[in-house]
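Chain naming follows the written order as A, B, C and D, and within any one chain the residues start at number 1.
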Amino acid sequence: MTTTAFLGLGAMGFPMAAHLARQARAAGGRALVWNRTQSRAEAHAREHGSERVDLPGVAGADVIFSCLPTSAEVDEMLARLAGDLRPGTVWVDCTSGHPQAARRQAAALAERGVAFLDAPVSGGTSGAAAGTLTVMVGGDPQVLARVQPDLAFAGKVVHVGEAGAGFAVKAVNNALLAANLWAAGEGLAALARAGVDLGAALDVINASSGRSNASENLIGSRVLTRAFPVTFQLGLLAKDTGIAADVVREAGASAPVLMQVEALMRAAAHTVGAGEDHTAALRLIEQFNDKEIK
Amino acid sequence: MTTTAFLGLGAMGFPMAAHLARQARAAGGRALVWNRTQSRAEAHAREHGSERVDLPGVAGADVIFSCLPTSAEVDEMLARLAGDLRPGTVWVDCTSGHPQAARRQAAALAERGVAFLDAPVSGGTSGAAAGTLTVMVGGDPQVLARVQPDLAFAGKVVHVGEAGAGFAVKAVNNALLAANLWAAGEGLAALARAGVDLGAALDVINASSGRSNASENLIGSRVLTRAFPVTFQLGLLAKDTGIAADVVREAGASAPVLMQVEALMRAAAHTVGAGEDHTAALRLIEQFNDKEIK
Amino acid sequence: MTTTAFLGLGAMGFPMAAHLARQARAAGGRALVWNRTQSRAEAHAREHGSERVDLPGVAGADVIFSCLPTSAEVDEMLARLAGDLRPGTVWVDCTSGHPQAARRQAAALAERGVAFLDAPVSGGTSGAAAGTLTVMVGGDPQVLARVQPDLAFAGKVVHVGEAGAGFAVKAVNNALLAANLWAAGEGLAALARAGVDLGAALDVINASSGRSNASENLIGSRVLTRAFPVTFQLGLLAKDTGIAADVVREAGASAPVLMQVEALMRAAAHTVGAGEDHTAALRLIEQFNDKEIK
Amino acid sequence: MTTTAFLGLGAMGFPMAAHLARQARAAGGRALVWNRTQSRAEAHAREHGSERVDLPGVAGADVIFSCLPTSAEVDEMLARLAGDLRPGTVWVDCTSGHPQAARRQAAALAERGVAFLDAPVSGGTSGAAAGTLTVMVGGDPQVLARVQPDLAFAGKVVHVGEAGAGFAVKAVNNALLAANLWAAGEGLAALARAGVDLGAALDVINASSGRSNASENLIGSRVLTRAFPVTFQLGLLAKDTGIAADVVREAGASAPVLMQVEALMRAAAHTVGAGEDHTAALRLIEQFNDKEIK
């Protein structure tokens, strides 16, 4: 009978923690939740049967999950909880964090007998709601084996390497999302200027070799419609491509296209607004081309 | 009872023309074939029941299909057949050609009462064999309506705009293929240098938001395996991205990422060899990073 | 005693033709001028002692100079003058034109016994006023030898190759101007965000290895001052980098950085305005960085 | 009567320290030198009248200069000397270091009452020999005022901002060198493929608006000649462009062209060899284009 705790009930964390609560009810365990804005934790307890706790209460859990905006907020949580953490605890960080932070955090927690896994997720808010998230994990595979049954929000769990490797893969995945999205935007803007019908063009591309998750699941519903619903903020995607750029540089690698996309995403965040949906980055392409992608 | 003719029995054209022959048998029509190397046309006639003809004999068809390496070879065919073509004929060019050539060829044929459709295909040799190709068509939609029943090799037919629009969409689709493929290669090379297991990383990406046709259907089977089987030559993909660059420039568009990818594809063709498979472009990324993607 | 004619009395052409008039007075020849807006030709005649002529009158010159916005305007002039041109005439085109146009125009004129040199200039309006322009010439070197004494506006004349080579070198030169200018803008914008004093930074760079004509002669006086005086329009620099991109593509070359700069210049022209000074392209960099370069 | 010490008698440091020794002789001070390989320090003492000391002896100086490959070697020196440094000493680091390291080192030294200036230099080995180096300084301007008379190797000294600003400006300067050099290489390679004479083209560019320090002082003498003499290693330029990329990222800036150049420089270092001259980066462009730049 495991006790879990979940820190950070944001757009992703709220439905993820709901799966922990559901499993706790089914298996007789406990699912603690904490959120900076307490009312959100209270709502979670009310809606999903989790238990709202104060921050020190989190330390009573066997497995602590965190899902926060960046590694900086995880650092802050670790600092505030440091004195309370118990040996044998496993900390599973589902933040889209920084590999350097993961290595540092893992080393610091190891001194207290706490294991750390970087375990970012992919699948968006719909995958979180469905409990079908893909989880990419860095750290000790034996620790992962121990907590894998607790990853109730996961549809697929893959161990990708040592501490930090999970964050590195997540950052690269999101850099590829950014690259595929941006490239599709450029291509469609040029076709629009050339007088081609974009609905037909996208239909063809999605049945052809140039298709991507971005072209199939984002551009039609979010860009061509001009809806740009905010489910994943542009500022966060820019942050993730920046982490990918750090991964590239630390590894002594050369990635000219991903570097250019990182710069353009940051330019888009400055131009279009970091709080807009990530697909609104294509509004910068529209400006480049004096033409809407619609 | 339609008579079709097919010019160019290459890796794509051979199985495409087989579908025309099959349909002719079923519907009581005729399927003529011509190829520069005559023995290949003879083989087609033998294997698929088509009729091998000399080049002037092609002009007897109601619908003439061409599927050649570039628009330059189509120009040559048009020049050699010019005197023989009959009013009312429809020329359907399935080459991955140049929009400027399409407009010029359509205008020249119109003077002889011959209609021209640029109708490039996507789906690769497997789609050609299965008869499930996507066809993107530029030109008069009424002409398309007339010949659509004859596109026996198609799984999906989409009219995308005026003369040249089909070639423009095909070029952009292939530029997106090149961009998605190259970006994935860069990301994986960096992860390889960072010590991440690439099989696991690709598995995660293909279940996540960064996935593309390139990551799902090419990198695992062709790059990680080091097989690089030649089904679509790098030199042809470089040519297609170059056509996309021309589309961008003619439209007064701005596409910094697609332009960079075009340059890198050309560099890869010079470095790795234009006759290698298009996925072998990633060998240039391996050189950039002093690391194999495997 | 040579008779020259000058077509196109724009910001560059007006002072260039003044040097022809001055030399004609000194040597006893004639200097004809023509401009679409006749009042400008009248002003030139009045100020510099040239002779305003109607377009057909241009054909009476031994050497015809043209300095027009693009090769398209040169084509128009050639068409209008075609019937009047006399064998033995030399046409010297100082437009920043397109190599393909030069080859076509040279071939067409050769049929009439008229020699053609593509002879674009560098040095800006100040170099034109001072008569110190650099002239880069493509075409027959013997023809160049014959007319070189007539290039009264030149400080330096260099034969660079066959027909079109002058335009190719000019396009590449301007693409380098664009690249050096843009790179300096990016670097200064980053330093500004980092809190570095840009006047001091530019002072250092101009005494160091990163300096260029752009950093030494443009950024201090035009960008840091926020003056952006219009002496060379952004739209024309974007056009020239586009010609360079065509040179690259026609040659089967790979130039990823110049291609990216071409795309960004076009984006800047769409964003900032094609009629602004070329240095105002850096306003797009300022937008990318949410920071002024000052 | 000041006592100076100089750590690191490499290609730059050796002649820089010679100027310190010359000034010490003239003014009655002392010039100490230290080098990891002692024989080089002995040679310096013999040739220039400096005094070779053991590492702890360095702490006796009033002003300590360091000129080492990277900030990591400076960290090592600081660690080894930490116990010996005296309050009131000024440490002037002429390394092309990292701004983050400067801020960290300045803070650590301040705790011991030692002032730190990041003071990288530009001008190459010839500027070092002539004593005409440009020095860009970050840190307390009053400290700079105090030690400025001791910068005997400088032709120009500019205070550019707080701790780290000197390194930031140096990194950006070198990134501009890399960008200007690479762009010129791309342009010349394309012209070479187009059949243009490169000597003539470079002559024209160097008299025109596309010129840069790279085109004027490096490409003619080092690349066209195929000499590539090693005075500044490609690996170090790649390192410096990497620092510039870090400056960009830390500042939240967007610099798509500099990022691409950084990636290409790293690719060139992996491909051509980090120990080659920085101009040999253009050999990667030659490979991209299957054409020598000569």
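Going forward, contacts are C-beta pairs under 8 Å (C-beta built on N, C-alpha and C of every residue); 3 or more make two chains touch, one makes a residue touch a chain.
Treat the numbers as computed from the prediction; the structure is a model and nothing was measured.
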Number of steps on the shortest touching-chain route linking chain A and chain D: 1
Interface copy of A-C among A-D, B-C or B-D, judged by whether over half of the contact pairs recur: B-D
Between chain C and chain B, distance of the C-alpha-averaged centres to the nearest whole Å: 40
Where chain B and chain D are represented by their mean Cα positions, the distance between them in whole Å: 51
Separation of chain C from chain D, taking each centre as the mean of its C-alpha atoms, in whole Å: 37
Where chain A touches two or more other chains at once, by residue number: 248, 252-256, 260, 263-264, 266-267, 270, 288-289
Category of the chain touch graph - line, ring, star, complete, other: complete
Partner chain D, residues of chain A touching it in the complex: 242, 245-246, 248-249, 252-256, 259-260, 262-264, 266-267, 270
Chain A-facing residues of chain B, complex: 99, 122-124, 134, 136, 155-156, 158-162, 165, 168-169, 172-177, 179-180, 182-184, 186-191, 193-197, 200-201, 203-205, 207-215, 244, 247-248, 250-258, 260-261, 264, 285, 288-289, 291
In the complex, chain C residues that touch chain A: 256, 260, 263, 266-267, 270-271, 287-290
